[in-house]
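Letters A, B, C and D name the chains as they come in the text, with residue numbers starting at 1 for each one.
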Amino acid sequence: MTERDQELNLRRRLSGLSRLPLLRGARVDGEAQRLERQLERLKADTSDEAIWRSVELARHADRPYTMDYVERLIDDWVELHGDRGRADDGALVTGLGRFGGRTIALIGHQKGRDVKERLDRQFGMAYPEGYVKAMRVMEIAERFGFPVVSLVDTPGAYPGVAAEQHGQGGAIARSQAEMARLTVPTVACIIGEGGSGGAVAIAVADRVLMQENAIYSVITPEGCAAILWRDAGEAKKAAAAFKPDALHCLELGVIDGVVAEPAGGAQTNHDEAAQLLGGALLEALEELEETPGEELRRRRRAKFRGMGVYA
Amino acid sequence: MSDQIDVHVEHRDAPPPPERKHPNTCPSCGSHYRDDELEAALWVCGQCGHHFPMGARARIDWYADEGTFVEEAADVRSEDPLEFFDLRPYAERLAEAELNTGLGEAAVIGQAAIDGHPVQLAVMDFTFMGGSMGSAVGEKFSRACDSAIERGVPLVSVTSSGGARMQEGILSLMQLPKTVCAVEDLHDAHVPMLTVMAHPTTAGVLASFASLGDVTIAEPGALIAFTGPRVVQQTTREKLPDDFGLAEQNLRFGHIDAIVPRADQRAHLVRLLRLFA
Amino acid sequence: MTERDQELNLRRRLSGLSRLPLLRGARVDGEAQRLERQLERLKADTSDEAIWRSVELARHADRPYTMDYVERLIDDWVELHGDRGRADDGALVTGLGRFGGRTIALIGHQKGRDVKERLDRQFGMAYPEGYVKAMRVMEIAERFGFPVVSLVDTPGAYPGVAAEQHGQGGAIARSQAEMARLTVPTVACIIGEGGSGGAVAIAVADRVLMQENAIYSVITPEGCAAILWRDAGEAKKAAAAFKPDALHCLELGVIDGVVAEPAGGAQTNHDEAAQLLGGALLEALEELEETPGEELRRRRRAKFRGMGVYA
Amino acid sequence: MSDQIDVHVEHRDAPPPPERKHPNTCPSCGSHYRDDELEAALWVCGQCGHHFPMGARARIDWYADEGTFVEEAADVRSEDPLEFFDLRPYAERLAEAELNTGLGEAAVIGQAAIDGHPVQLAVMDFTFMGGSMGSAVGEKFSRACDSAIERGVPLVSVTSSGGARMQEGILSLMQLPKTVCAVEDLHDAHVPMLTVMAHPTTAGVLASFASLGDVTIAEPGALIAFTGPRVVQQTTREKLPDDFGLAEQNLRFGHIDAIVPRADQRAHLVRLLRLFA
């Protein structure tokens, strides 16, 4: 396929977006232009190989995590701890800080860099207590009009006995409901793995972005392969089938934009990755801040209620 | 990983294929029943009280006053945006499910009356691809919310689902926030939502609209879990409590309001409908 | 003292109420008349002996508990269980039912009648989870405009390690805050022991009533005696000093009315006790239902903010 | 019973009487300090970091920009509505406390600036009858809320209290809902409340306004409990964890946002004030 053919193909694909229900009036103004700007990015490789590269980069051990971005982007950072009930869940970091001259509430999964931290933070898999903590911080944000920024990076919510007993399903549902109620601007970005309910719990945002090599999916490739191909080794095949990469998520209308990473992936240059992410978050916030809160909420709900493809 | 549950459960808890064991054999006590016997008993084992799965249409017949049910959105069908193909094409699975169940999707919605109280119904059916939630189920549930708001009547929601429908990829995950937003619209309109959790109510459905009812009852022995027992065991190697994830454990841990045997559910709903009238 | 002297004395005491800050404008209309009607009741014995009799009757093993009143007063009762997090606390019963033709949300401590039930219900001493459950039911009441009726009967919140670890203090504070936010009519009645924070957690109501032989106190008589007299045996002396009985609570402006009990105490006739309680609750609700919700809330806060005696 | 804590704690955690041990002896490591040494070190042991109690006036001097503090409601005094008499009359205890502490009550409130940020302060003092909350403390805290609302400035609240003041009987319990209602007025006005929990923050104060801050920090080693360890032990016979009820345990169990050593508190508050400005 020549480059010209590729571009034509992409343009067709982009125009195909308008057939999706979420583009039938539910979207916010300026959506078309934003997608237009993504066209350049859509020229990128969307082969099965490229999808698998995203899976690998999204999980790369050196990929920047939430706290790496906090250090680089946030001033006056004050972490807030605890669900006011029974725990402080290290897999989900919450706090307040200054970003681009305004105070924001930030919520992000944190996987942990070394072995000890990974265990302490359950590899970024939150308990219900983590989502309750997030809801508490959302309530503070709502009361004081702070925009909410969430950074998603989790294989999924923690799949353990205590997590179930403490109400994992209900906590994920209520965290989404809380986000659906906010009247402050909300921006989410998938910065690594956006795994299932544990991810979407903090991603019901006015703008949902994905880094170039992040993945967002209903199940891990391994999980999908184990069930449908009866062989976890077929993960690559599964990923190719359910397409968790940013470009396909954009194409399906599930996200609102793709955030560039340094060449080779975010792990190669944390500072540059942070700069690129910061720019995208700021642009999204500034645009959202022009809209009244009630209208933001109405549009946010309309956006998510428009997602899906059915006849 | 916890997200594996979505389909694990679908498979694990699916009724065993007919060639292995007759579906009317009670898995708890081994009693056998004729179809008409089971139907007359609301698909509950007369010997031990085991609750067999109850189809959406049978449940609607049981809850709704005779002749009051008017189905809505019956024509909504799943599409196949990913052209998903594992061992078989998704499109083929869909066609087969419709053929086998006589249902267009894993949820049936519509208007009805229960003991004279007008209600909106949204009832899932586990036999349609394990009650999994794709775009069509999400859309039908959302429309049920809108219809309840428009008519100002309570929504009675019956859940039975292995979770999100993997074959629709990320779009199936988006049915979580979609249905949550629909329930929030319901809440804002001060319209009550009464939820009945049947076996199994797991993963993406539990982590979205199923958990947001004003009052939530469950059927005895129903599995209600975000991550099912097998995946928990495999992932964490923890020893599981005997009643892990069952309705009885969920009641003890404060997740549901009551466990109501099927025969008593209609009266229980009527009582609630009087209270929320 | 002659009966005439007694009445004069009581009239003086009643008029003395107007010196208390809570009567300086903060109270609702009709307060004076209500107190006037209580005059008859104030003729009762307020000696140290009478106070101690209240303490004994409030704790009487045969005294009607919340569920005894529910059975007799509420139609279509549906108990609601669980905090949606980690437990269903049997010490605090919550539910919906029909009362006097309207749907109400009911919250009440339940001590348990036999040994097993008492253990199951921790003798009516709730964990934080109990108060979280109560808050959940208050939210349902608020959403659907159901009045909230709470029946208080607890020695205090549960004083155990797990209760502390799950945030007992915070839960009691937040339950009060939730009651201070409601815009539906709220009526509380102390039906036995109203012990400390565990009691007031569900008693921040538009109308707070007390049964004739109930007690309401910041500490148990035994606790007070153990500390101040260094002898728990001096409980009677302590009770006489801090006056937890209904008449003194009325006099101090802490409650809005006293509910009569059958002669000899509520334990002698549960049906009659229920009839008397039902009448008082209904009267209070009917009066409150005439006032708009925002105004109810404003007055409720003003009432509690007016409590106390200082120079 | 849990309500015993209110005064148990007051007595248990009161500084030991001077005849037994000099108040400037560190209870953790035994180091001795001159008054001026301790004062210069913000009443923190230089050897082991133990936080000695810090009086309300000293704390205000430390937090507030020099010369900015303007006290309010200084004339509010407790009355004795019950004519309470145990081994001594309450009126006598009050007079003695005022004489010994130079404070009119267990809380000091007023306007101030912290690093240029205008704030409202409400600071408790444990030396005045164990920081117990009677009508006067409740009234002063409530007025601090109103003043913060009127001026539209954050409320910085420092708690140190054994609980409600038993000698005022049921009226002391009513200070719980009173202060809670005051905080709710603050919340409705979108005025932030920053809470610093000093040793001890227990019983009625923890179960009311102390727990309702938007952001809550604690001093290292502070006891933060509704029911203190002795009463829990006596009532339930449970084995207590080593750090039962301490700030460190409260952080682990999710009840507070951070533990901040005294020397860092001012900077921490300034950072929060910038965020909430």
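Miscellaneous remarks
Heads up, the rule we're going with is that a residue touches a chain if its C-beta (ideal position, glycine included) is under 8 Å from a C-beta of that chain, and two chains touch if they have at least 3 such contacts.
No experiment lies behind these values; they were computed from the predicted model shown.
Listed here as common contacts of chain B and chain D: A, C. Two chain pairs, A-D and C-D, are weighed by contacting C-beta pairs, with C-D ahead. Chain centres here are Cα means. That of chain B falls 42 Å from that of chain C.
Chain C has its Cα centroid 48 Å from the Cα centroid of chain A. The geometric centre of chain C is 28 Å away from that of chain D, both derived from CA atoms.
Counting partner chains per residue, chain D has residues 211, 253-255 touching two or more of them.
Residue positions of chain A with contacts to 2 or more other chains are 84-86, 165-167, 170, 174.
Of all residues in chain B, those touching chain A in their complex are 1-8, 11, 76-79, 81-82, 84-87, 134-136, 138-139, 142, 164, 166-178, 180-185, 202-204, 206-212, 224-227, 231-232, 235-236, 238, 240-241, 244-245, 249, 253-255. Chain C meets chain B in the complex at residues 76, 78-89, 96-98, 103, 129, 133, 140, 143-145.
The residues of chain A lying in touch with chain C in their complex are 84-86, 128, 132, 165-167, 170-171, 174. Residues of chain C that touch chain D in their complex: 125, 155-161, 163-170, 172-174, 176-177, 179-181, 195-201, 203-204, 216-220, 222-224, 226-229, 238, 241-244, 248-249, 252, 254, 300-301, 304-305, 307-311. Residue ranges of chain B in contact with chain C, taken from their complex: 187, 190, 192, 211, 214-215, 251-258, 268, 271-272, 274-277.
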